[in-house]
Amino acid sequence: MLAIENLTVRFGGVVAVKGLNLTVEEGEIHALIGPNGAGKTTVFNAIFQVVPYTGGIQFAGRELRGLPRYRLAEIGVTRTFQNLSIFPSMTVRENILVGAHSKTQSRFVAELLGLSGEPRQRLAETLDFFGLSSLSPTYAAVLPYGTLKTVELARAFISNPKLILLDEPAAGIPTSEKGTLKGVIQRMRDAGTTILLVEHDMELVMDISDSVTVMDFGEKIAEGTPAQISADKRVIEAYLGEEIHAAS
Amino acid sequence: MLRVDQVVSGYGPIDVLNHVTISLEKGEIVAVLGANGAGKTTLLRTITGLIRVRKGSVTFDDKLLNGLSPAEVVRCGISHVPEGRHIFPDLTVEENLLLAAYTMPRSQQKSRLEAMYTMFSILAERRRQAGGTLSGGEQQMLALARGLMPNPRLMLLDEPSLGLAPKIIGTVFETLVHLRESGVSVLLVEQNAKRSLEVADRAYILVTGRIALEGTAHDLASNDMVKQLYLGGIQ
Amino acid sequence: MVPSRRRRLTANAALIVLVLMVPLVFRTKPSVIGYLNIAMLYALATQGLNLLMGFGGLVSLGHAAFMAIGGYTAAVLVMSYHVNMFLAVVAGVAGAGLFGLVIGFPSLRLSGFYLAVATMALGSSVADVIKRLAITGGDYGLSNIPSLRLGPWTLASDASRYYFFVVVLTLVFLAVRNFLNSRSGRAVRAVRDSEMTAAAMGINVAAYKLITFIFAACIAGLSGALYAFTISYLHPTNFGLTFSIGLLSMSIIGGLGTIIGPILGALFWVMLPLIIGAKLTYLATVIFGLSIIGSVVFLPKGLSELVTRVQTRLKL
Amino acid sequence: MNILANLALRGLATGAVYALVGMGIVVILQTTNVMNFAQGDTGMFVTYLAFFMITTAKVPYSLVLVLTVVAGALIGLIVERFMMRSVRSRSHLSLIMLTLGLSLVFQGLAAFLFNTEPRLFPPLVAGDSIKLGPVVLSRQDIVVLLATIIVFGVLYLFLYRTKQGAAARSISQDEYAARVLGIPTPSIYMLVWAIGSALAGLAALLIVPRFSLEPSFMGLIQVKAFSAIVLGGMDSVFGAAVGGLIIGVVENLVAYQFPAIKDSFMLIVVVIVLLVMPQGLFGKRQQRRF
């Protein structure tokens, strides 16, 4: 589904990602983990053509290089953001509808006359899927962080994407709600969306991922199933630390 | 040493803290745990005078802190390391540090600076480098060093582990233990309950602006409710 | 819900009757109607600016230039080329829209203060260029512009223009409201809140910024064209930085990012000097300044917030 | 050649005017993130006070200079304390609007109190023009040029050699962090506004003898000062100074050939510079790790 070949990203003198190869299979939850500054978010930004890079990124057999950023949603790739990027002045409904932008069309004159239709059914389904129906008319600005994280997921999901990149979905979510989050991500996968996940919460990663790639200093240091990763010596040394090793 | 007594405070029309009472003795690490939005950060901001105390009192060594500006609170010997580090990105490491000792006389600033460079050798290497060019872990070290610059007796730490790799988190918590040994008391606000309870002497659990539970770190770590809600059942 | 809805209907009906009655009430004072007409034209231009700044988050300090282009294009076409007035107005709107595209291009790379300075620069140079051209009457201005004609009817009286402008204003405002609640309008607002996120949602950020600029410019151009045929005189210095700042003030005082704000702001702007009187006219400038400060400090949504508060009070 | 040198040097003198106003704007902008559209009119208003001190009260020039600077600083303090403080966290746009409102207040007040008739302001330094080789400069121009250099030096020392200056720079990057660290931010804000507005007064007073005193006399100069800042890169006093001088020189050279397009030409150049290099000539290129 997503094939990254020999990806290298440089900022000035710093090499943020060095010769990364990564393949995400269709229908899996693939986690990308590693210490801060290892280059995970940079990989997302390269996929979204936000940073210049060398190497190849192919999605469903199509080379992404040079594709305008907004076209990605059209071909079925969306994302969420590390520090939550919701539109505060819009209602939950409007926020989610923005996510459907790439799958709907504008007819200017109809819009001026107030006659353009909304993807009502898909919206209702999505609101229902994420349990947001009752919050539909609420302005995002007044909702708590955890709920907004869900809105962000719904916004990415309404366009029925083939691949979603999730950037630290569990950050700032209280432990008590992490179970729900796990369930939501798994149901998104079960609905046919492939997921590439950057996350620090090891428990979440180990619980739901089908495969895990570990990065350190811009390079891939390990890849495998969660079980293989948590037993990998290099990973423990660079990232997990002794303690969790002993615990798991 | 620090007494927060029946404090009410918040933003705009909302009271975030509802009659919160906590205390901290000299040489202690006290953790305040709770979910996002429970009021942990608000508590720290209230102590440092970033937010007004609406009801109740905050005292430090029997001195009333109510109504003091953050600058005055720092002068009393309390420093606050905010969540998210807040390094000045375009200022050098050294400028970042010096600003943390704004009210100190120059000679004292110099000696504190040297002390910080001894404690955090990576910062000495990077003293002329802009704060924004440091890595996440280095920035957290700089944030801690900034907190220590004014030679505080009490340090308030807001989510020092947030966004850091597990390995670096370990280093951060080790630093806290060193601090306690050198006589600095620490009030620690964390979501990472497991790690916090390992280093803390005592802890409070904050639930929607109220203290729901308090006790020694050891007791809380074995409390069923805490286990289920904050330790996620894995031990 | 139902009683409140009925109340709102009643209130709207009352408002409509009130608006329609105005020319009858001021029958003996036609100058008041004239000023109201100016206020409506300013409200139109301000609505464009409101769309741009309040909803698009794009600063413009050259908005008066769109009015100038709309007005001069329409007037010159009618006077020098004897073009049908309706087509001339359409051409004025199109001309302004085209220039909106030109001014919009900087917005693809610039934001905030930079965009403010760039639009200020481009806007000021338009007045400068008009001053140098022969066909626009240059520094003398363009006078004796014919009166507004609507098919066979000439709208010579202030009252007739009043009704016409009420209709135009209502239509444009409804169109803007509908636009904002549509897919495109949401895209415009999304771009304002975060370009990066908007792009990730599949929104062509550059295209929507340009659309916003063009749309805003067209509305201002319409205002300018109607203005020319109402006042029958145009002068480049009337459309310089000062008037751009004036339009900005109207939108702020009325309330940025609200649909009725522009009307309230323009009414205030036009009517205050009248009420204060000619002798103290500079005092009006002071009051405008204080009103801007006051609305930023106390009423972030400007005068329209007052209206909303009254509405809530009356449970409308 | 002589003509060109003459034009260039006179342009430099005009540019110094823009630089003076621009530096005041940048000092405030850098720290408080407020683009002060009232900078010019603050200066204009204070200059009226100076005018009456000189003509009516016959106060000596040197004292007027001091009083003008003090009056400017006072206005800055008042504006910060009673206006900007309560809205500090609002959007850039609101802050721009506030200062636009303020500038209307000053313009209206000046017109209301002193009417709009242009008045001739007596030159600061009397005496014939000075010849430097082939170039002729009025004494007034030389004073303005010197003042620009001095003001630049003083501002540089303030920002990079004092702890208040460092605090001001820190606030511009992260106001919350500055407060958490115990930097007395309210006093730094007041200090910066006082310095910026004092500069507004000083600049207007030094400039006014080249023009005539009327409520709108700072308008175009302020537009040029903004252009200077943009050209220089928005975030540096040095950029504002050099940007002002460049604009002055280029404008004067263009005006010699094509007097009609002098103002538009420079504005268009600024737009082009903005588009090609948005960080300006001396602005910092952001280079941070993610």
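To keep things simple, chains are lettered A, B, C and D as they appear, and every chain counts its residues starting from 1.
Criterion: a contact is a pair of C-beta atoms (placed from the backbone, for glycine too) under 8 Å apart; a residue touches a chain by one contact, two chains touch by 3 or more.
These are the chains along with the protein names UniProt gives them: A, B = ABC transporter ATP-binding protein; C, D = Branched-chain amino acid ABC transporter permease.
Everything numeric in this text was worked out from a predicted model, so none of it was measured.
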Problem - Pair exhibiting more inter-chain C-beta contacts, B-D or C-D - result: C-D
Fill in the blank from the handout: Greatest Cα-centre separation from subunit B belongs to chain C
Practice task
List the centre-to-centre spacing of subunit B and subunit D in whole Å, with centres computed as mean CA coordinates.
Solution key: 42
Fill in the blank from the handout: In whole angstrom, the CA-centroid distance of subunit B from subunit C equals 52
Practice task
Please compute the C-alpha centroid of subunit A, do the same for subunit B, then give the distance between them in whole Å.
Solution key: 31
Exercise for the section: Could you tell me which residues belong to subunit A and also touch two or more other chains? Expected result: 37
Practice task
Please list all residues of subunit D that touch 2 or more other chains.
Solution key: 287, 289
Handout entry: Touching two or more other chains - residue numbers and ranges from subunit B
Key = 135
Fill in the blank from the handout: Listed in rising order, subunit C residues that touch subunit D in their complex are 53, 59, 105-106, 109-110, 112-114, 116-118, 120-122, 124-125, 128-129, 132, 241-242, 245, 248-249, 252, 256, 280, 282-293, 296-297, 300
Handout entry: Sites on subunit D touched by subunit C in the complex
Key = 29, 35, 83, 86-87, 90, 92-94, 96-98, 100-109, 111-112, 116, 219, 223, 226-227, 229-230, 234, 260-261, 263-264, 267-268, 270-271, 274-275, 278
Handout entry: subunit D residues touching subunit B - in the complex, by the definition given at the top
Key = 163, 166-167, 169-170, 173-174, 176-184, 186, 284, 287-289
Practice task
In the complex, go through subunit B and note every residue touching subunit D.
Solution key: 48, 50, 69-71, 73-75, 79-82, 86-91, 95-96, 98-100, 102-103, 130, 132-135, 146, 150
Completion exercise
So, in the complex, the side of subunit A touching subunit B is made of residues 34-38, 144-146, 171-178, 200, 202-203, 238-241, 243-244, 247
